[in-house]
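As written, the chain order gives the labels A, B, C and D, with residue 1 at the start of each chain.
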Amino acid sequence: GGTTKDSADNSGAAAQTGASADPNAKLKEGLKIAFLPKQLNNPYTDVEVGGGKVAAGELKGEYKLVGPNDASASSQVSYINTLIQQQQDVIGIAANDPNAVCPSLNQARQAGIKIVAFDSDASKDCRDVFINQATTQGIGESLVKMASELAGGSGEIAILSATPNATNQNAWIEVMKTELAKPENAKLKLVKTAYGNDDDQKSFQEAQGLLQSYPNLKVIVSPTTVGIAAASRYVSSSNYKGKVAITGLGLPNQMREYVKDGTVKKFALWNPADIGYLAAYAGAALASGQISGQQGEKFKAGKLGEYTVGAAGEIVLGPPTEFTAENIDQFNF
Amino acid sequence: MTATATAPRHLLSGLVKVRELGIILALVLLVGYTAASNPRFLSGQSIRDILLNTAILAVMAAGQAVVVITRNIDLSVGSVLGLSAFTVATMMSDNPGLPMVVAILVGLAVGGAAGVLNGVLVRYGRVPALVVTLGTLYMFRGVTYSWAGGQQVNADELPRHFLTFANDAVLGIPWLVLIALVVVGGVALLMRNYRVGRELYAMGSSPQAAELAGIKVARNLLGAFILSGALAGLAGVLFAARFGTVDAAAGTGLELNVVAAVVVGGVAVFGGSGTVWGAGLGALLLTVIGSSLTVLDINQFWQQAIVGALIILAICADRLVAVRIARSLRKKDSHV
Amino acid sequence: MSDLARGGKQKDNAVLEVRRRLATWDSIIVLLTVFVLVVASFSVTNFGTSRNFTFMILDLLPIVLVALPMTFIIVTGEIDLSVASTLGLASSIMGYLWNQGLSIESIIPICVVVGAVLGAINGFLVTGLGLPSLAVTIGTLALYRGLAFVVLGDGAVADFPFTYTGWVTGTIGDGPVPNVLVLILVLAAIFGVILHATPFGRSLFAIGANAQAAHFSGIRVARTKFWLYVVSGAVAGLVGVLWTLRYSSARADNGAGLELAVVAAVLLGGVSIFGGKGSLPGVLAGVVLLAALQNALRLQDVSGQALNIVTGALLVLSVLLPNIATSIRTTWQRRKLRRAATV
Amino acid sequence: MTATPGPSRPGPAKLEVRDVTKSFGAVAAVQGVSFPLYAGEAHALVGENGAGKSTIVKMLAGVHRPDTGTLAVDGAEVEFAGPADAKAAGIAVIYQEPTLFPDLSVAENIAMGNQPLTRLRQIDRKAMHANAARLFTRLGVHIDPDRPARGLSIADQQLVEIAKALSSEARVLIMDEPTAALSGVEVDRLFAVTRALRDEGAAIMFISHRFEEITALCQRVTIMRDGRHVCTEPVADLSVDDMIRRMVGRDLSALFPKQDTEIGETVLEVEGLGREGVFRDVSFTVRAGEIVALAGLVGAGRSEVMQAVFGVDRYDTGSVRFLGKPLKAGSPRAAMAAGMALVPEDRRQQGLVMDLSIERNVTLPRSRALARLGLLFGAAERREATSWTSQLQTKLGRLSDPVGTLSGGNQQKVVLAKWLATDPKLLIVDEPTRGIDVGTKAEVHRLMSSLAARGLAVVMVSSELPEVLGMADRIIVLREGHVAARLTRAEATEENVMYAAMGQQVTT
C-alpha cells in the first residue's frame, strides 16, 4: 500500500494568517504592490493592470508589473519567486493554473506578502482574497441570454473558448450548459466547444472550422476577448456575414469595428480596469490589516466605494455591461 | 552508350516525379475522405479559406526550402514574421494613405535585413545556422516585444485597402494566393533551372567540394538567408493584412510549422535534395490536415496528435520513395 | 628522432596541451559562469541568498536533467526535439493514474517507463527506418503533446501528496541545499563519467564525427543511438514527474517550449550541433549561466523581453567569439611570417 | 609504356611557383619551394607522404594562400583569393580526395560552374548530358551521366573528377594522385587523354607514388623532401633509383621483401557468399601464415565481398566460418571479437574519424580492452598510440591533433596502426598502400610479410598488380562479382591475372 489519492495528506504547509482584522486601521503608504497577470502584452490584461496602477498611485504605493510572455504557470512561479526575493508587500495575480502557483504563493505568504488573486483564481488556500469580475453564475446566464436572443430562441450555437485548461472559461461553460439544459432553452442546441487557445490566429481558424462543420450554426459565443475579436473578423470578411451572429465577452475598442459594420449586435464585459483597481485596494487593505480575508469584512475601494468580502474570500466586482451599437461609443478600453 | 543512357533517364525522372506525387496522393486521399463526410469542405468559401491559410505558410516554406537545401536552417522565420508584421501594421495605422506596394516593400526590407544578419553570422562568423537562427529567434522576438510592449494594432486602426487586400481577388484568385503561387513558382524555377540554384544544391550536397569548385559560397549563402528572411518579411505583411490584429506575439512558434512543411515536402534536412514545389505542397498538406480535422469534427484533443502522426507518416513515405530510387540505381549498376 | 629529443618535445607538448585545453570553449564558459555568479552575488540585491539559490536550482532542474541525455544525442549528431512533449505526456499520465487511485510509488516508475517507450519510438524511427531525427522529433513533438491532451484533456490534477511535492521543493534538513540538487549532481556525475571516461563515451564522439567509420570500427551505431533516445525519453519522463510534483499540478501543457531552452543551453555549453564535439562540464556551465543570468536580470526588474535578447545574443556569441579569436590569431601569425620574410 | 624524352624548355612558364612557404600552426608543410610548369609539358611532383605535394596543389588551386612567396601565371604575379580565381586563370585541379556533390547527377557534377545555358540563361540539360557522355566516351568508361554521384565507387568518383577537369578545357591541369584508385586499363586511358591535352599545349602537373607512371607520362620532375625543394630536372636524366634516393634521402632495399612462411591451419572459410546485384557464389579459404590477394578490375566487387565477410555489409546467401566456427553475419563487433580486422579502402569515410585526434583514432577499436574497470584514461590510449605510430613511422605533430591534418599517406598509416593494434588473427587489407610513398610502402609490405610469418592470415585486396604478384601466396581473381580464377604464386603472371580479370581465356 503506497500513497494513493485517498490516503494522501496534501494539506501542505498552508500559510497561517492568524492576524485578526482591524476595520479602522489606517491604510499604509509606500506599499510595494506588484501585479502578475496571466501574460504580458495582452490588451485585456493591460487594461486590467492599468487600473491597478491608478489605484497604487492613489494609495501612494510603489506599483510594479511583471509577467511572462507565455500564459504558463511555470513562468509565473519564477516571477513569484523573484517577487518574494524583492520583498513586495502585495502580489496581485491572475493565476494560469490554480494549483501550480500554490506552493510559491504560500512561500510568499509565509514571507508576509498578501496575495490578491484577480480575474482567474488561485486555489483558495494559497491566496487571501479573490477579485471576481462577476459571479460565475451571472456571466454564464448572461452569455446564454444573449445567445438565445440572437438565435431567436432556437437553433444551433457553438462556443469558442480560450485554452482547454482556462479555469474561468470552463466554469462559465459549465454554467452555460446547466442553463441550456433548462426547459426554456430546450430549442437551443450547443453543437461544439472549440478552443482558440487565446491565440488570434488559432481562434480565427477555429471559427472557420465551426462554420464549415455546422452549416446551420446561428450563434458563436466566445467568452474570451481574443476569441470574439478573431471570430468577428473572420465572419465580417466572409460570406457568413449577416447569417451568423457573434457574441460573448469582448473589449469595446477591439469590437467597435464589427459592431459598426453589423457583424456583432451585442456583447458584454465588465470594466477590466476596475478589476485591477479593486485588487490594488483590496491588497492595501490586507497589508494594512483592515481585512484578513474572512467573510463579511468590509473595506473602501476608492472611487468604487465599499466592498464586502464574500464566502471563501471572494470579492465580486459587479454585473457585466452589455455593449450594443447604441452605447459602444461611450466606452474607451 | 546513348541508347543505354536514355532509357534509365526516363525511369529516373519518372521516379523523381513520384516523390512529389506521394504528397499529392496524400492530399487527394485526405480531401476526398473529408469531402465525402462533409461536402461543404469543397465549397468555394472553404477552398478559399484553405488556400488563404496555406499562402502565408507556403511563402515562408519556399524561403526555408532554399536555406535547407544549402544544408542550413532558418529557425528565426517566425520571429521575423512577427517583427515585419508589427512594423508594417504600425506604419500603416500611422500613415493610412500609404499604398499596399509600400507595405510589401517595407516587409521585404525588414525581413531581408534580418536575413543579412543571419547570413553574415553563419558565413563570416562561421557559426552553425541552427545556433545563429535559434539565437536570432529569441533576439528578433525580444526586439518586437520591447518595441511593442502590450500594444496591439487592431483592425479598426488599419486602412481599409490594407485589410481588403487579403480578400480581394483578381480573376477569382485572391491576391494572397496569387502572391504565394508566384513566390513558390519563381523560387522553384530559380532553383531548378538557373546556375545559382544548382550551386545552392551543390553547396548543400557537399560544402567542402563547393568551396573547391570555386562556387561563390559566401554570396550564395547570404542570398539564401536574405531570401528566406525577405519571404518571412513578406509573410508578415500578408499576415497583418489577413488577420488584421497584430501584436508582438504574431507568428510565435511558426518556425516549427515551416520546417515541418519543408520536411514533409521532401526536402532533406541534410541539404542537397528536395524541391521548392515539394515544400509548397508540404505547406498545403499541413494546412489541409488542420482544416479537415476541424471539419471532420475530430475531438480537439486528438487533433494535435493526429497532425504529429501524419507528419511522421509523410516522412516515412518520402523515405520509402528515396530507398526505392536508391535500390533501382543499385540494380541498374550491377553486373550480376 | 632520438628518444631524448622526443622526450623533450613531449614535455613541450604537455605545456602546449594545457594551454590549449584552457583556451577551449567549455573552459571559457565555466570561467564565465563562475564570473557571472560572483559578480551577481555582489552587485544584485537578494541574488546571493540561500533562498534565491534554491529558487534557481528549482528553475534549472528540468533543463539540466533533460540536457544530460540531450548532450549525448547531439554529440552523436542527432537531436531530440520531442523531450518537452514527452515530459508533458508523462505528466498527463501521472495525473490520470493518480485520479484512478494508483499509488504514487507505482506511478513514478510507470511514468519513467512511458518516457522510455516514447524515446524508443523516436529511436526506432531514427535508427530503424533511417529517418532524419530533426524531422522525426518535430513530428513526435506534436504527436506526444497531442496525446498528452488526449489523456488528461483540459483538466488539471493537483492533489498530490505533500510528502512528495514538499520533497521536490524542499531542502536538506531545511538547510540551504535543495533536495533536488543531490539528484542533479548524481545524474550529472554519472553522465559525465560515461561521456568522458568510458569506451561508450568515446564511441559517441566517433559516431557523431563519422558514423560510417564508427560502424567500420565495430561500434554498433544504430543500437547506440536507439538506446540514447530511450534514455532521453526516460529522463524526460522522470522530469515530467518532478515537474508535476514541483508545481503540484499535472497538466497536458506542462513544459511546453522547453526543448528550445534545452537545446540552447547545450549549444551554449560548446557542444557542436554537427556532432562529434562537446563536453558535459561545458553544458552544465551553460545551463547555470543561462539560469543565473535570467535570475539576476529578473531581480533587477529587467523585462522578460530583454531576457530573450540576452539569451539569443549569448547563444550566438558563444560560438562567434572563439571563432573571431582564432581568425585574429591566424591573421596575426601570417602577418608576422610575411614581415619576417620581407626583412 | 614509353617515356617521351624531355625537351629543355625555353620561354616563360605557364604557371610558376616562386619560393612559397606554408605552415599549419607549428607544421611547416612547404618551405621555400620554386618550380615552373611549361605549356606542352607534363611535370611530375614526387616526395614522401607529408612532403608537401598536396599543399602545393592547394596553393595553386587557390584553396590555401602561401604564407610567403608568390605564384605567377604567364610570368605575371597573381594572388588567388579563392578557388574561383584559380579557375578563372585556367587552372583545373583534381584533388587527392574526390570532391563530388553526392546529390547531384554525374552530368551536373561535371558541368558545375560552366553549365551550358539556353537563351533565357537557363541551364541546357540536354547539352549538359551530351557533354558528359562525350567525355566518358573519350575516357572509355561507362557511367550513366544522369545517375547521382552518391554510391559511385572510389574509382568511378575519380573518373568523374577527371572528366570534370577535362571539361573545363583548362590551360593548366593539376592532378594529385589521380591514379591511386585506378587499375591499369583506366590509367592507360587517362594517360592517352592527358598526352593529347599536353600535345595541344596544356601544362600538366602530375603527382603519383608510382614511378612507372611518372616515367611514362612526364618530361620533368620536381622532388620534395620534408617540405623543401630538392631538385627539378628532366625525367630522362634521372633513374628511378635516383629519384627515390633524393626523395627519401637514403638508399632503399628491395621493394617487396616477401618472406617464406609456414602455412598453418585454415582460419577463414567463405562458402558460396552472395549478395543480390553485387557478387555471387564467392568461396575461398585463408590459412594462417598465408597472404591471399583478391585481384580484379575496379568495381569487380572485391571490397564488397570482404566488407560482407567482416560484417559491415550484409550478404544474402552463403556462410562464413572463422577459426572453425560460424561467424555471426552483419556484425563487425563479432568479427573483431573473433579476431578479424579490416583496413577499409576509403580512409576518409570508412577508416578514420577525421575530427578526432590521432590517438583516439588509433585506439578506437581497442577502447574496451584499454579500459580499467570500465573506465578509460588518456594515458593508456596515448601509450598505445605512441607505440604504433612510431612503429609505422608516421609523420605527425601531436597525437592530440585531429587526424584530418595529416597527409594522405600518413592517414593511411594511422588506419593500419588502428587495426594492427587489435592484434588480429586475420587481417583484411583493402588497398593497403593506396597513396603511400615508396619507403612506407616497403615498410607496410615488410610488416604484412613478417606478420604473416608470425602466423597471421592476411587477405589483401589490391588494384596494383606488382603488389599482388609480389606479396601474395595465392591470388583469387574476381570478375563482375564472381570468382574468375584462382592462381598460386607460382602460376601467377601479370598477363594471367589481367586476362582473368578482363574475362579472357587464361593461358597457362
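Here, a contact is a pair of C-beta atoms (placed from the backbone, for glycine too) under 8 Å apart; a residue touches a chain by one contact, two chains touch by 3 or more.
What you are looking at is a predicted structure, and each value in this text was computed from that prediction instead of being measured.
*Asks:* What chain lies farthest away from chain B once each centre is taken as the mean of the Cα atoms?
*Replies:* Relative to chain B, the chain whose C-alpha centre sits farthest away is D.
*Asks:* Please compute the C-alpha centroid of chain A, do the same for chain B, then give the distance between them in whole Å.
*Replies:* Whole-Å distance between the two chain centres: 38.
*Asks:* Centre to centre, by mean C-alpha position, how many angstrom separate chain A and chain D?
*Replies:* Here the centre of chain D sits 74 Å away from the centre of chain A.
*Asks:* Starting from the mean Cα coordinates of chain C and chain D, work out the distance between those two points in Å.
*Replies:* 42
*Asks:* Find every residue in chain B that makes contact with two or more other chains and list them.
*Replies:* Within chain B, residues 145, 248, 268, 300-301 contact more than one other chain.
*Asks:* Please list all residues of chain C that touch 2 or more other chains.
*Replies:* Those would be 149, 153-154, 257, 303-305, 308.
*Asks:* Where does chain A touch two or more other chains at once, residue-wise?
*Replies:* 40, 69, 164, 195
*Asks:* Go through the chains and record each pair that touches.
*Replies:* By the stated definition, chains touch in these pairs: A-B, A-C, B-C, B-D, C-D.
*Asks:* Quick check on the complex: what are the chain B residues that touch chain A?
*Replies:* Those residues of chain B that touch chain A are 38, 40-41, 43, 45-46, 49, 53, 145, 148-152, 154-156, 163, 166-167, 243-245, 247-250, 290-291, 294-295, 297, 300-301.
*Asks:* Spell out the part of chain D that touches chain C in their complex, as residue ranges.
*Replies:* Interface residues on the chain D side: 21, 23, 67-69, 312, 332-333, 335-336, 342, 344, 349-356, 360, 364-365, 367-368, 370-371, 374-377, 398, 400, 418.
*Asks:* Using the touch definition up top, name the residues of chain C that touch chain A in the complex.
*Replies:* Where chain C meets chain A, its residues are 46, 49, 51-52, 55, 59, 98-99, 101-106, 149, 153-156, 158-166, 169, 243, 246-249, 251-257, 294-295, 298-299, 301, 303-305, 308.
*Asks:* What does chain B use to touch chain D in their complex?
*Replies:* 1-2, 4-5, 8-9, 12, 193-195, 198-199, 201-202, 204-206, 208-216, 268, 271-273, 326, 329-336
*Asks:* For a test of understanding, state which residues of chain B touch chain C in their complex under the given definition.
*Replies:* Interface residues on chain B, with respect to chain C: 121, 125-128, 130-132, 134-143, 145-146, 248, 253, 256, 259-260, 263, 268-270, 299-309, 311-312, 315-316, 319.
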